[in-house]
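Each of the two complexes below includes chain A, the first together with chain B, the second together with chain C.
Let's turn to the complex of A and B:
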């Protein structure tokens, strides 16, 4: 597997070891991009910082908590509007963003006093919320503010509140991944084991590494509940602070994003003997296998099979409608970490697209091992690309679409490549059976958008056709399809609702009687 | 010889594209996973008994059942092998998966002393 040198990065020779092309018959023992290293000076990375990984990715999806950053307001930029980890308590954690608003004078004279005032003020402003997470940032770490001492003082003065301190300033690690690690370990060390939960089922899991992007974890929790499995906690999407303090009581940790949350599963395994089962919640086949495995762990496979049959019958004809229209489309799969391996094989198999490149911003070499193994031959795999490399790759590979974050996504649009937001989604959830169809629909809408077709024309030099009439996505897509596919009666377009998550809140589940004593 | 290589390549392709258990992040952990899951898979494939006794065993067993089901569905030739052939095949498969994920792996994090 040859390493790939980008023309634009010839002046940064170290970059060559960060990209490879998967050649015919080659495997991951022949070449593997370096990963999880400090970004090379001169390479403008698209990564986030370790504070961002701890707070914006893992901490803040917890729903019943005041999330306060101790630092300048700028650190909290990535909150309003940019994150889409919703919650079933009216999105409290998304609606309010808190920072202690550190200024130059605090750097000189210290910011602890101000932090304490801020904490108390925030609790008073939201008297129903009794839980808080505090996040360290670069500036306050450098001046040595002792957040733990302040948190202890407040907890003594306000005995009904509980505060979690996360000491993961931006510089603590090469990327946001360092922050994932830090907050995982801090949570298990400081908080797990403090609450005894009410066990309502014979089958109890923690659902770990799942952040409820546009409702993903609510969809998965629905499946688990339909099988009579109690989801004791979700780490951390739509998760509750106190439920997460009770993680030690689950019988199984079902791990979705191993990149961001394997650490806590590994620790739970060592400290409490709870095993870890890695699953894939995306795509019909991987999801069905995953549900079957979780159920089999508890000896209730029949319940899983009934659910799988029902969901597959309902949604497969719709997935296949899109597959017919997406076959052969070239895709750059450029997410942050885990989606590169969650999706690399299944989008090829179930949607018919060709993954021509995978990249990861903050993945480790293990993520590349998984991603490269799962994609087809010829794919270009890149670790921590800079913007120029991404542009060079898009210009040479000519993808029909890329799946990436919003910053590189906007760059893609400028060179007329449609993009879908791989982190926050477009019209998610994308997890679950219906969600997977929604993902296919978003891809279809992006590739066949008439507006996108128009954007391919350059009004400064191209001849603009004026005689063409109105076109729709359907007309563009149908142009390349055989008549029998267009008229296939057993396939149909997505027929779900605009909002497929809210109704789950009021759903009544079968009452599987608990037989074992606590 | 070529025949067994071709067969192993098919099974390897399934594991590397569809499974996650072989990719835990430390070498010792991968060794445990490969050893246990493939050992139980061999027993199940040969219709021998395995009763999981601990929660960890149950996890290995669940992965093994799922793997063996997939092998039987996708590669009908596997059911036509006799017990000795199945054992030889699975032994060679384990060697290959160990090579890909542990001994031949270029992942520098595998030997990180943490965990």
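Let's turn to the complex of A and C:
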């Protein structure tokens, strides 16, 4: 597996070890790009910081909490309303953000006193909210404010409130990944074990590393409930602060994003002996296997199989409709961390697309191992990509679509490559059976967009078709399809609603009687 | 006095109106051709600001980070700046200007950015990049001072101070726009061209409304050149439209090069656009042409259709950049709309002394509040808990939930407006801006009347 040297990066030779091409017959034992190393200054990398990894990615999805950042206003503002992690608490966590608004005089004289005032003010403004997370930023870490001492002081004076402190300033580590680790460890160290939950089922899990992007975790929780499993807490999408303080009472930690949240699962295993089970909510087969694994742990395989059969029967014909139309399309799978391996193989298997490149912004070598082993031969794998390398890769690889972030998506647009938002999704949720069809639908709509087709024409020199006043996506897709596929009666296009999540909130679940005593 | 100016009483911020200084400096930096800034701090200070601006413009552009990690925070991170400059110059051969924009972390640890610029100028640039035109411009924007608004002001000043160089008069006017949209620049250039005025527009950001082209890659960038910046010292006059976003640079040019200078007013609405044109006339001696009389007439015609039938006595709250908020409030008053609450999102002590704010205090004949150092909770709390009734909110997208959750129609204006399509393409300044604003306000109210069945039948006849 030769290292790949980008032309644009020949002048920074250390970059060469960060990209590899998966050659014929090769696997990850032959070479692996370096990963999770300090970023090269000035390279225009796409990485964020450890503060955002802690606050923005993992902290804020908690739905019933005042999220207060101790620092100047920018860190707070910048990480507010830039994610699509919803909740059933009227999206409180999306709507409100809090900054202690550290000013120059606080830098000089210390900001602890004003932090305390801030905390009290925030609770006063939202009297129904009794929980708070406090996030350190670069500035307050450097002046050495003792946030834990202030939090303790307030908790003593206000016995009905509880405050969690996360000391993860932006400079702590090469990327957001450092923040994931810090908040994982801080949470188990400071908060787990403090609340005794009501156990309502014989089968109790924590659902970990799942952030409820466009409702992902609500979809997955629906499956668990239908199997009679109690989801004690979700870490942290649509998660409740006090539920997460009770994580020690679950029988099993079901882990979705192993990049951002394996730390807490490993610690729960060490401290409480709770086993960790890695699962995957993306894709029919991985999801079905995941549900079977969870069920097998509890000995309720029949419940899982009934659910799998029902969902597969409902949605598989729709997935296959898209698979027929996406076969052979070339994909650059360029997400942030774990999705490169969550998606790499299964989008090939179940949607027929070819993964010609994977990259990870903040993943570690372990993520690359999994990603490279799952993507197609000849694929280019890039660690900590930068702007010029991304453009060079897109121009040479000529993908049909790219899955990446919003701003890199704008770069792709100008190269006339359609993009889907890998972090926030276009029209998610993309987890679950229906969600997976929605993902396929979004890919289809992007690739076969008539406007995208028009973007490829140069009216000054190309032959311009003038016979049609319009073209539909279907017409474009059908041009490359066999007649028996087009007319296949057992396949159909996505038939769900725009919002497939909200109705879950009012759903009534079967009552599996609890047998065991607490 | 009906109009009160007061500061937010809480020390903290709930839902900020602004982000911090480095963001303003970054917005300035992308307006200059062959310029890629290096933000000296953690990576989030760049990554999120790029995301924010790209959401607003639906474009991408380049800004780099010095990627300060833990050891840099402990032992000093100037070596990261040196590497960043070298890497940037090696990989982007077109780059001529590199502003080095500081943040809270690198100001707290006391990194001597000015010193490292001297070191690079005498070392790396001479040794490795001899013969290449490279300008390193230190810009100090600690996040714990001011806001993105003052960051814009500081950065613009620092660029002008670095480049402006007296030689022969260039026969041009300096027009400093302040923090505006590509659509505003188009409108301002239209007014200038109707007046036949040759101007240096800071900044030429029209190309941030850039096309998808059939061949190759399009990277959006500003079109203000080094020569434009140098030439600002040789203009016959400067008009800075916004006091708080460019006023500092205008004053520098006035003081240093004795360039006649007019600061303000933000040409929002008919009256302020009239003043702007009068100022152009005064400064250039050129007459206001019939074509602008016609354009003004079109605007007056459009506004007359709306004001006393639909807009009069509507109560509006406005938040955002201070010059924008004040300009919008003034325009609203001309439209018979009552701006009952203005929110200015930082602690600039000059607001209370601003003559425009003083005029509001002296002359407004209904109850009005102006809150400085404000956050969006000042707005929401008044609506939810203190009985403030509003017919309309004018502000940027970060306040969308105040409008959504309280069923108040809202027109997105300012920065950022990512939750509505294409707003960066339209002006709020000039006569065309007046038409756009008034009609959008009206249409926003009309749509709300229909959703709420609130006299929606009125529009059966109009």
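In this text, the second predicted complex is superposed on the first by the 500 of 518 C-alpha atoms of A that agree within 3 Å, B and C clash if a C-alpha of one lies under 4 Å from a C-alpha of the other, contacts with A are read in each partner's own complex, and residues count from 1 in each chain.
Definition applied: a contact is a pair of C-beta atoms (placed from the backbone, for glycine too) under 8 Å apart; a residue touches a chain by one contact, two chains touch by 3 or more.
Small disclaimer: the values here were computed from a predicted structure and weren't measured.
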First (chain B), second (chain C), both or neither touched by A:99: second
Which of chain B and chain C A:486 touches, first, second, both or neither: neither
Chain A: partner with more touched residues, chain B or chain C: C
Chain B versus chain C as contact partner of A:45, first or second or both or neither: second
Touching partner for A:149 - first (chain B), second (chain C), both, neither: neither
Partner chain(s) touched by A:475 [first = chain B, second = chain C, both, neither]: neither
Touching partner for A:306 - first (chain B), second (chain C), both, neither: neither
A:78 touches, of chain B and chain C: first, second, both or neither? second
Partner chain(s) touched by A:395 [first = chain B, second = chain C, both, neither]: second
For the chain C and chain A complex, residues of the former touching the latter: 10-16, 18-23, 36, 38, 41-45, 47-52, 54-55, 58-60, 62-70, 72-73, 80-81, 83-88, 90-92, 103-105, 108-109, 142-145, 147-148, 210, 212-215, 217-219, 347, 377, 381, 397-398, 400-401, 405
Touching residues on chain B, where the partner in the complex is chain A: 16-18, 20-21, 23-25, 54-56, 58-59, 62-63, 65-66, 70, 99-101, 104-109, 115
Footprint of chain C on chain A - complex, ascending: 8-9, 11-12, 38-52, 68, 71-82, 94-104, 106-107, 114, 117-118, 121-122, 125, 137-139, 141-143, 169-175, 387-388, 391, 395, 405-408, 410-411, 413-416, 455-458, 462
Interfacial residue positions of chain A with respect to chain B in the complex: 27-29, 31-32, 34, 36, 251-252, 258, 262, 266, 269, 273-280, 286, 289, 292-293, 296-297, 341, 345, 364-366, 369-370, 373-374
